[in-house]
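The data blocks that follow each hold one structure.
After this come two complexes, each holding chain A, first together with chain B and then together with chain C.
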Partner chain A sequence: MKQPSWLKKLLLSLLIPIAVFAVLEIIALVKGVRLFAGEDSWKLFFRAVANVTLTTFALSINLDSGRFDFSLGAVSMLSATVAGTLAQEWGIGPWPTLAIAVVAAALLGLFHGGVYVLTRIPPIIVSLGMTLFYEGCAFAFTGGKGVSLVTRTDIIGFSTIFNYILLTAIAVVAVIILFDNTRFGANYRALLSGQKIAVETGIREKGNALGCYAVSGALMGVVGFISLANTGSQQLSLNFGSIGIMFTAFLPMFIGGWIGRYINKRVGIMLGAVSMALISLAFARFDTASSVQSIISALLLVLFLIYLNNEFAILSKFRKKQKVSEK
Partner chain B sequence: MGRQTLKERIPAFASVIGLGVLIAAYYIIGAVRDANVEYGLKAIVNQSVVVALVATGAVFIYTLGSVDISLGAATGVSALLGAMTYNATGSLWLMFFTCVGVALAIGIINSSLASVFNLPIFVTTVAMMSVLSAFMLILIGLNGKGDTIKVKARDVRPLDTIEIKVGILLAYIALCWFIFTLLPTGREAKFIGGNPLCAFLSGINEKKLAVIASLVSAVGIGLGAFLSIVYAPTLNRNTASSIGMDVIIAIVFGGMPVSGGPRSRILAAVVGAFSMGFLSQIMSMLNLGSGYGQMIKAAIFLLVVFIALGSRRGKLLTR
Partner chain C sequence: MKNMKRSICLILCLLMALSCFSAMAAGKIKIGVLVSDATSSEALAFRAYYTEYIAKAYDVEFIYSDELTDAAGEKSAIDNFIVNNCKAVISFSSFDRPAQIDQCDAAGIYYAVATGTLTDEQYEEYKDYEYYVGAIGPSMDIEFQTGYDMAAYYIDQGMTKFGMFGGGVPYYVDMHIYRAAGMLTAMVEKGGEGANYKGADNKYAIIGQIYQDGGIDTGKIGSLELVAYVGGYDFNDAWFGKLAQMVGTEGIEVILTVGSGVDVLGGFVAGSNVKLATVDSFTPAMGEAMKSGILDYMAGKYAASVGPIFVATYNAVNGAPIRDNDGNALALGQGFWVATNSEQFSEYSAVDSSNTDPAYTREIMDKYAGMGVSYDDFAAFVSQYSFDEIVALKK
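Let's look at the complex of A and B:
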């Protein structure tokens, strides 16, 4: 089969974000609103890119290997709670606080992975238990009060466009290096495509799974810190109240999978996140009610999935029509 | 094949043993703490019946190897529309039929999306959950009376009895047991959950079974929605919000694998739902606080699942 040229690949990779931008710009023009009006819009956009990119990485690392993880939101919440509390008690600045959040989240991920590897309970069930456990931990750790850093202008001041771009870039590069250019990544891909054969050839599955959970956790630590620095507080939730964050990652993950046919999958996920961030920005600029936002996001997810799962049939029909019109 | 040893039998009964231990612990702690055990039991039944109803129906979906997390939102929408119908007509029967009818309509949409467009059921239910949660907000907004939709408590109080709730639950369990055990539907569903390819090659229609599973499950959702209104007639955006996850926990707690297949059992949902109810009540009696209580609940949940897994652990990590 003929491979598309690099230019065609590049254009196809950028197709979805550009199409989303174009559609939103047209709607903005009709409504008489500017999509990017001032620094706040840019900040909102880049914060959404950072949050969605990192959350989607965290979700897809384990989901691609068949390990569903409900605990992403709980890890983010607990790590931000620990980091925020320590920042308040020790009076440390934003970067050390971020480092604490990342280390705490990586350890939480590692613990989650440890429970999974040791008990051999199916991952979706372990993740349910760990979600409840981490939510309970965050609640017990602060006595249910959460964390407030509203007086810490240094930490709140971390929320700049430059920092969002920096964190996103570091995460994308780190994930690409780790999963595409190291032995760990090669083992990960081998386990992903043929678990039994990979294990029989000597790949240490348990170590790889633990690594995946730790990396996924670390990424959620960054997400937790971004939220903490942005709002100046960390609200707590119980009874699975933390799982909502995970659902924002599904559409960019599927978009990333599609773009990944033409470019590196991690970059594809980031481009998927850019598309989602544009939509989030548009929701804010058009003053869309949250209920309408949820419905539109869900419909987009369903429509995209309908296309993905019926792509062959749709394209075949399209090509048939094209041939008929050419004749 | 020889007779099973006691050690081999324990995992099969781990969930029932777990429920027995929790009931015993409930009475012992109640006696030690001089708690009102009778009142607590009523609270357990009230909490567990709705989860048990929804989870019993969901067993059909889970048996096929699918996971549905939109059950809570579906229950919430059915309850809100049921309450609005009652407020408009004053008829409890119409409220009942609206709850079940709306749940059936949602079930048809879910199963149609999955079977007509070949969508993965889990992701479809993620999207449905968002749509239904948003729809709940819209309904509450349309009602125009603050953040809640209320049914007068005195109107539904005659139905708020343990006998009626347990009666509805038993009737629904009997229906599900009949369909699951005595009709080919249950056997075929187990076959699909255990080995979808083999089931397909044997001529079993997976799409038809997915629709049946959604419809049976929808009846449980509708009944759960109706009893939610009866128990707590002031409904808001959080009504039944945690049921989707509680159902998964209940099914697993009850000893059924979340991957479905031949080890699926109707009674797993009931055992699991009541185990959770007793566990929550024990945590309340121990007065541990929400955070520590939830941590212990999580640890016990994982422990029970671990024991129930028994020796069914392969060389490879489960996926």
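Let's look at the complex of A and C:
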């Protein structure tokens, strides 16, 4: 089969974000609104790119291996709560606070993975339990008060476009290196394509699963810190109130999977996140009601899944029509 | 056989231990507390006052529900209170108040509404229920006035361009709608001749307009202007973007928030020239925000404001219910403390946060806890809710 040229691959990779941007620009023109209308808009866009990219990495690392994880939001919340509280007590700056959030979140992920590996309970059930446990821990850790750093201008000042780009770039490069260029990544991919054979060849699936949970946690630690620095406060949730964040990652994950046919899958996920960030920006700029946002997001996800599930049939029809018109 | 004997011994020991615990707890009055918010600073302050001060002062035990999210949860929590032999329920949850009252009445346990009120229609229906103690909290008129006073404070300073954070307005949270309506009414009344909000030029028309729209529109209100509005609690990227945009709106001078202003807007307001006004509680975090200039105006419920409804419930459980002169349940209003500078905030906070000498101490409440308390005396006590009045009561 003939492989598409690199230029075609590049164009196909950029197709979705460019198409999303074009559609939104047209709507913006019709509405008489500028999509990027100043620093706030750019900041929103790059923050959303960072948040969605990292959350989607964190979700897909385990979901690709069949491990559904509801605890992403709780890990993000608890790690930001721990880091924010220590930042308050020790007076440390944004980078050490970020480091604490990442380490704390990695440990929380590792603990989650440990519970899964030791108990062998289905991952979806373990993740539900861990979600409640971590939400409760965050509540107990602060006495329910959450964290308020609104007077810490150094931490709030971390929320710059440059830092969002830097964090996104570091995360993308780190995930590409870890999953595409290391033994751990090779084992991970081997386990994905056939766990039984991979285990029989000597790959330790438990160690790999623990590693995945730790990396996923670390990424959510960054997301937690971005949220903390953005508003200067970390509010708490109980009774699964934290799981909403993972649903922002589904569409970019599927888009990333599609783009991954033409370019590195992790870059594809980032481009999926760019598309979602554009949509988030449009929601804000068009002052879209939250109910309408939910409907649009759900519709886009369903439509994309319908396309993915029927792609062959749709493309066949399209090609037939093309051939008929050529004749 | 030996194992069986051991098991029986163990079970008997456990039963004895349980009986001892039950006997020890038997003297305490158990009160169930329904909460739909377990994490806000205000909710935590109320809880701390009940569990760390009142429970010790009056030898009562408070059993808290989980954070409730719907009417079914309220019903299930009340069932749990009944099973736990609670003598009364104090409710901070309002998904279905009529169902709560009916359920408690049927079970023969007292029911009271804290930090809120029933609607006029609901009160008419339940005021003569034997087990309905009543409601003490900010009435909708007080909520309206709180919003009105906040907006008027800035209009009187000559400010003309306002932003507004509507919190629960899109979810039809009554108190948020009334606070927002108060803000808009102040703008209409002080916005010069012909000022109106979407054609509405009085309190009732504005309240009706907000209920009709489920939101608030920006635009000119006479000489004043509502330049930006954000409602809801979406906590997603688009919502945070809207909040940041509101702070960055050209010419905006002050953002009036119906609640949680510092938590959602503090990070964006920091370093800007925009003033922030909110309704919240007197926590150290709010104190820091006011000291640093992020928060400029705060109307706050004080933790001990839930003391009088406890007294009324305690009296009812002890056979001395306080009823009005027609024998009806209580329906008393209670307002906020307003701080507009850091010194004032610190003064209020010192009283509010004390676990040993709170705003309503046992000494104050003992005057109204017991037999023979008249409705008029109790109503007069509740009506003295301003900081200065409470300080005077403590002397």
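Everything that follows uses one rule, which is that the second predicted complex is superposed on the first by the 327 of 327 C-alpha atoms of A that agree within 3 Å, B and C clash if a C-alpha of one lies under 4 Å from a C-alpha of the other, contacts with A are read in each partner's own complex, and residues count from 1 in each chain.
Rule of thumb we're sticking to: contacts are C-beta pairs under 8 Å (C-beta built on N, C-alpha and C of every residue); 3 or more make two chains touch, one makes a residue touch a chain.
No experiment lies behind these values; they were computed from the predicted model shown.
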item	value
Chain A as common anchor, with chain B and chain C clashing or fitting	clash
Which superposed partner A:230 touches (first chain B, second chain C, both, neither)	second
Which of chain B and chain C A:239 touches, first, second, both or neither	both
Contacts of A:144 with chain B and chain C, given as first, second, both or neither	both
Which of chain B and chain C A:290 touches, first, second, both or neither	both
Touched partner set for A:43, first chain B, second chain C, both or neither	second
Partner contacting more residues of chain A (chain B vs chain C)	B
First (chain B), second (chain C), both or neither touched by A:98	neither
First, second, both or neither for A:153, with chain B first and chain C second	second
Contacts on chain A seen with chain B and repeated with chain C across the two complexes	139, 143-144, 238-239, 290, 293
Chain C-facing residues of chain A, complex	38-41, 43-44, 47-48, 51-52, 139, 143-146, 148, 150-151, 153, 156-157, 159, 229-233, 235-239, 244, 248, 277, 280-281, 283-285, 287-290, 293
Chain A residues touching chain B - in the complex, by the definition given at the top	65-67, 70, 115-117, 119-126, 128-133, 135-141, 143-144, 195-196, 199, 205-206, 209, 238-240, 243, 247, 250, 290-295, 297-299, 301-302, 305-306, 309-310
Touching residues (chain side chain B, partner chain A) in the complex	67, 113, 117-120, 123-124, 126-131, 133-135, 137-138, 141, 242, 245, 248-249, 252, 257-259, 289-299, 301-302, 305-306, 309, 313-319
Residues on chain C engaged by chain A in the complex (per definition of touch)	38-39, 41, 43-44, 66-67, 69, 170, 215, 232, 234-242, 244-245, 248, 262-264, 266-268, 270-271, 283, 285, 288-289, 291-292, 294
